[in-house]
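Each of the next two complexes has subunit A plus one other chain: subunit B in the first, subunit C in the second.
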Partner chain A sequence: MASCDLAVIGAGPAGMAAATLAAEHGLDVVVYDENPAPGGQIYRAIETVSLARNSDLAFLGESYRAGAALARAFRASPARFMPGTTVWLVQKDRAIGILRDGKAAMVQANRIIIATGALERPVPVPGWTLPGVMTVGAAQGLLKSAAMAPSSPVVLAGKGPLLFQLAAQYVAAGVAIAAILETGARPIAALPHVWPAWRSGTIGKGLALLRAIRQGGVNIIRNVVALEAEGRGRLEAVAYRTVRGTGRIATPLLLLHEGVIANAQLTKAIPLAHEWNERQQCWQPMLDADGNSDVEGIAVAGDAGGIGGAEAAAHSGRLVALAALKALGKIGRIAHEALAETERTAWQRHLAARPFLDALYPPPDASAQLADGTLVCRCEEVTAGQIREAVSLGCAGPNQAKSFTRAGMGPCQGRMCGLTVAALIARETGQSMSEVGHYRIRPPIKPLTVGELAALE
Partner chain B sequence: MSLFRRLHEDGPGDAMTVTITVDGVALQARAGESVAAAVLASSDPTSRAAPVGGAPRAPYCMMGVCFDCLMEIDGETNRQSCMVIVREGMMVKRMARPKAVTP
Partner chain C sequence: MNATTAEADVIIVGGGLHGCSAAYHLAAKGLKPIVLEKHVVARHASSASAGGVRRLGRHPAEIPLAQASLELWHRLGDMLGADGNFRPSGQVRVAENEAELAACATRVGETRALGYDFEELLDRDALRRTVPAVSPHCVGGIRVARDGYAFPFKATTAFRHKAEELGARILEGAGVTALDRAGERWEVATGRGRLRAPVLVNAAGAWGREIASMLGDTAPVKPTALMMMVSDRMPHFVDPTVGAMGRKLSFKQMQSGTVVIGGGFEGKVDHATELTELDFRQLAESATNAAAIFPIMAKARLVRCWAGIEGVTPDDLPYIGPSKAAPAAFHSFAFCGHGFQLGPIVGSITAELIVNGRTNLPIEPFRVDRFA
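Then we have the complex of A and B:
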């Protein structure tokens, strides 16, 4: 079996920063990412965009450009990068299962840093499986990696920094936006948290985005309380309701976004110990101040450990790498203290903006207004009504709901429906989300074919 | 009309140099794009039929999470087309609903 000192899973800001620092200090570092190039979600395709398209780099904005230096340092470091490689298994003994070029293999790591980032929070609304309904992150990925934009005026619906960032990027690129349907921002609730967010630069950036969007003449409809994607076989219109009345916008493309959640698929499959984050309404691994999990030698960095954003992710990556260097004897305790202190301070300064953002853009209640007919599990096509019915028949938790209804049994392994199913059960039974729990997630976390597995001896 | 369009036509690297075949029809794409991106820029954005009800689906998340972009690529079924980069001569098929098992 191949081996390494340190395996880093994910080459976003957290993974790149961690790997660069650890490799520069002499560790044998291998980095896996299922994408073809480093960058992660925020800096997706940063290398190709910086090389070929200065004009695109301009409209993608300053926070995107910041990724170029991180990627350059990562490429210049001795860390071995394995793009196009999916990690489908991590064992507590730090054996790792990878899939590359259609072949599965096992690798033994001395230490592991999991930096698998975030997912967009799934947003079940009526009609969300129609072709033409996608996520804001999906469209932003197309903009960065393929310089593609909507062919006709697009509707953006939901809330959160990423939604406004994409809108500003579209305005700068001259792409038409039919409307932004904002689902309940809470500026007054966010007021008490203004100062740390201001200090971290978050508010300044946000205001600049909003200014750019307004200058672009985009129609922003606020306080949207219900949404529906309409069409036969394809999206034709978006119907919405606000506190004032209803409306309908014809469009072939609707982009949804309700913030991001930690990508806990891998950490739950190991399993590491997790806790429910009430403020961000998602599960996240329980970590110490250095990012160490409850399993010896396995640490988590960046958004995979709890949402902090790109800048926080890079500092968290370095902090976790420093702990690995100390544990493997590459730096002494005193050097570690000094270096870690700097990173921790910077990390916390960026994290301090989160309470403001979480209060301003509170996660929607995934169970309250879901109509019985709305699909919650896209893979197995299970509706909210079917989950409610299962509960009324005595189903007490997500794993039982799975066997009652098949929700969570499809190829996405519950990534899209897990939180919604749990929230429905919590509401119907009067339990809290941490009491209800989550699907038991078993490796492989991505389906493997028999042919791919055949390569394992 | 397509859901997405390419912003540039005439810069360096903008040539449509890759030809793939989707359900027997030739589709021009740009090097470095994913199969799902090329499909979203074509006149039919769908990737598969939903396995239970058979309704059409298209790529949704573009980051390997939702599995709605599953397509048959070069003879292999259930590939996540948002994670596969186009290659010259690639044979792609939209995935039909699995046939119902008749007792």
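Then we have the complex of A and C:
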């Protein structure tokens, strides 16, 4: 079995920063990422955009450009980068199952840093499975990797920094936006948290985005309380309701976004110990100050350990790498403390903006307004009503909901429905989310065929 | 329930298929049983099982029970109002070479000599008619027509709901912490209070050894994590559930199109947390076996692998029947990975033993003290 000192899973800001630092200090580092190039979601295609499509950089914005330096340093470091590689298994003994070029293999790592980033919070509204409805993150991915933008006026619905960032990028790229339907920002609730967010630069960036969007003449409809994607066979219009009344906008493309959550699929599958983050309404691994999990030698960096954003992620990656260097004897305790102090201060400065953002853009209650007919599990086509019915028949939690309804048993393994199913059960049974728990996630967590497993090296 | 001691006619420890089946059969005879389940109904083997309803290849000692149980499977819908998704699509065991085919013929001969004619020898052509997708190198096999498969969770819940309808109670989150005989009654302490009943049934599966030990019976059991995997939906290509003479394989395509692959490969059990860890080296062998018999599977995408915790005994046979150390206590546990099919009949046997003091089915080979 192949082996390495340190395996880093994910080449976004946290993974790149961690791998660069660890490799520069002499560790044998291997970095796995399923994409063809480093960057992760946030800096997707950063290398090709900065080299070949320099003109695109202008509308993608300054915060995206920040990724180029990270990617350059990463490429210049001795870390071994394995693009196009999926990690379908991580065991507690730090054996890793990878798949590359159709070949499955096991690799033994001395230490592992999980930097699998964030997922967009699923937004189950009536009609969300229609062709023509996608997420803001997916649309931004197309813009970065393929310079693809919608040709007819698009509707963006939801809230959060990413939504406004994409809107500003569309405005800069000359894409027509029919409207932004903002679902309940809470500026008053966010007021007490303004100062640290201002100091971190977050508010300044946000205001610049909003200014750019307004200058583009975009119609922002606020306090939207209900949404429905309408159409026969594909999206034709978006119907909405605000506190003032209702409206309907014809559009072939609706982009949804309700913020991001830690991508806990891998950390749950191992499983590391997790806790429920009430403010961000998601599960995240329980970590110490250095990012170490409850499993010896496995640490988590960046948004996979709790949402902090791209800039925080890079500092978090270096902090976790420093802990690995200390543990493997590459740096002494004193050197570690000096280096870690700098990274921790910078990390915390960026994290300080989160309470403001979380209060300004509170996660929606995933169960409150779900009509019985709305699909929650897309893979197995299970509705909110079927989950409620299972609860009435004695279904006590998400894992039993699998047996009762097949929700969460499809190819996505509950990435899309886990939180919604749990929230429905919590509401029906009067339990809290942490009491209700989450699906047990089972490997392989990424696609693997019977033939590939049979040929496991 | 915490303040006082609740009364029942029978206390059943374990809310799996066997516990729920016993509860149904007892309630159907007019008794008021209570099932104590430490977690939730069908938490372990009874939902993780591959769900084979199989007489094919069974140990001779289990055949009379399996025969009687199959008749109950075919009547499950009438009996319980829900059929547990039982599908009598047959079971086949494949021979890959002449030596294995000869072993098939021997097996069929032995079963016939015992007086059973359910196993049918298949030659190369007959195998292909029954299982057209089978690999070209396979030379024949055994078929059993009225066997099939069911959905374990649904079968267990079907027994549970009918039992409750007839007056049985199910208490979840009620793990047994102490067990005493006080006069003519069993007194059981659980995480959800104390209960009292004249009769006790141990249907605690992989945890049955601990309950047996509280009763004074020594019954060796190894908790075992039996692994399975399931593929994405595939176009329909096979009806019967398929095993192999020379390989560890249990293979079935569900009506949804997904394919469930098992075969008794073992992962690791964490007894304290009741969680399992998969062993992908073993699962790689399981995948090899599936793709060898069904070449179409090589490209099938795996959606999920899992393991269920099951109790396995030294002779691969379950414990069924009265306690030898304690009065008015009965065992029904450690079915060694092939107890799903027996669920309907063993619940009935346990009810007969309690109500009539006897059963017509031969349960001597399953006595609890056979290793004592």
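Everything that follows uses one rule, which is that the second predicted complex is superposed on the first by the 455 of 457 C-alpha atoms of A that agree within 3 Å, B and C clash if a C-alpha of one lies under 4 Å from a C-alpha of the other, contacts with A are read in each partner's own complex, and residues count from 1 in each chain.
To be clear about the criterion, contacts are C-beta pairs under 8 Å (C-beta built on N, C-alpha and C of every residue); 3 or more make two chains touch, one makes a residue touch a chain.
Note that the structure is predicted; figures quoted are calculated from it, not measured.
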Between subunit B (first) and subunit C (second), which, if any, makes contact with A:157: first, second, both or neither? neither
Based on the superposed arrangement, let me know which partner A:426 touches: subunit B (first), subunit C (second), both, or neither? neither
Look at A:113 in the shared chain and tell me whether it touches subunit B only, subunit C only, both, or neither; answer first, second, both or neither. neither
Using the touch definition from the top, say if A:400 reaches subunit B (first), subunit C (second), both or neither. second
A:30 contacts which: subunit B (first), subunit C (second), both, neither? neither
Count the residues of subunit A touched by subunit B and by subunit C, then name the partner with the higher count. B
Contact-wise, after the overlay, does A:443 reach subunit B, subunit C, both or neither (first, second, both, neither)? second
In the overlay, answer first, second, both or neither for which of subunit B and subunit C A:410 touches. both
Return first, second, both or neither, reflecting whether A:282 touches subunit B, subunit C, both chains, or no partner chain. neither
Partner chain in contact with A:454 - subunit B first, subunit C second, else both or neither: second
Do subunit B and subunit C land on any of the same subunit A residues, and which? 410-411, 447, 449
Given the complex with subunit A, which residues does subunit B contribute to the contact? 1-8, 11-13, 30, 32-34, 37, 40-41, 45-46, 50-53, 55-68, 70, 76, 78, 83, 85
Complex interface listing, subunit A residues touching subunit C: 89, 91-92, 97, 106, 271, 393-394, 396-397, 400, 403-404, 409-411, 413, 442-444, 447-451, 453-456
Mind pulling up the subunit C residues that touch subunit A in the complex? 40-42, 47, 153, 157, 172, 231-232, 261, 275, 277-278, 280-281, 283-284, 287-288, 290-291, 297-306
Show which residues of subunit A lie in contact with subunit B when the two form their complex. 34-36, 41, 48, 52-53, 56, 119-120, 129, 131-135, 137-139, 141-142, 145-152, 173, 175, 233-234, 252-253, 378-381, 410-412, 415-416, 446-447, 449
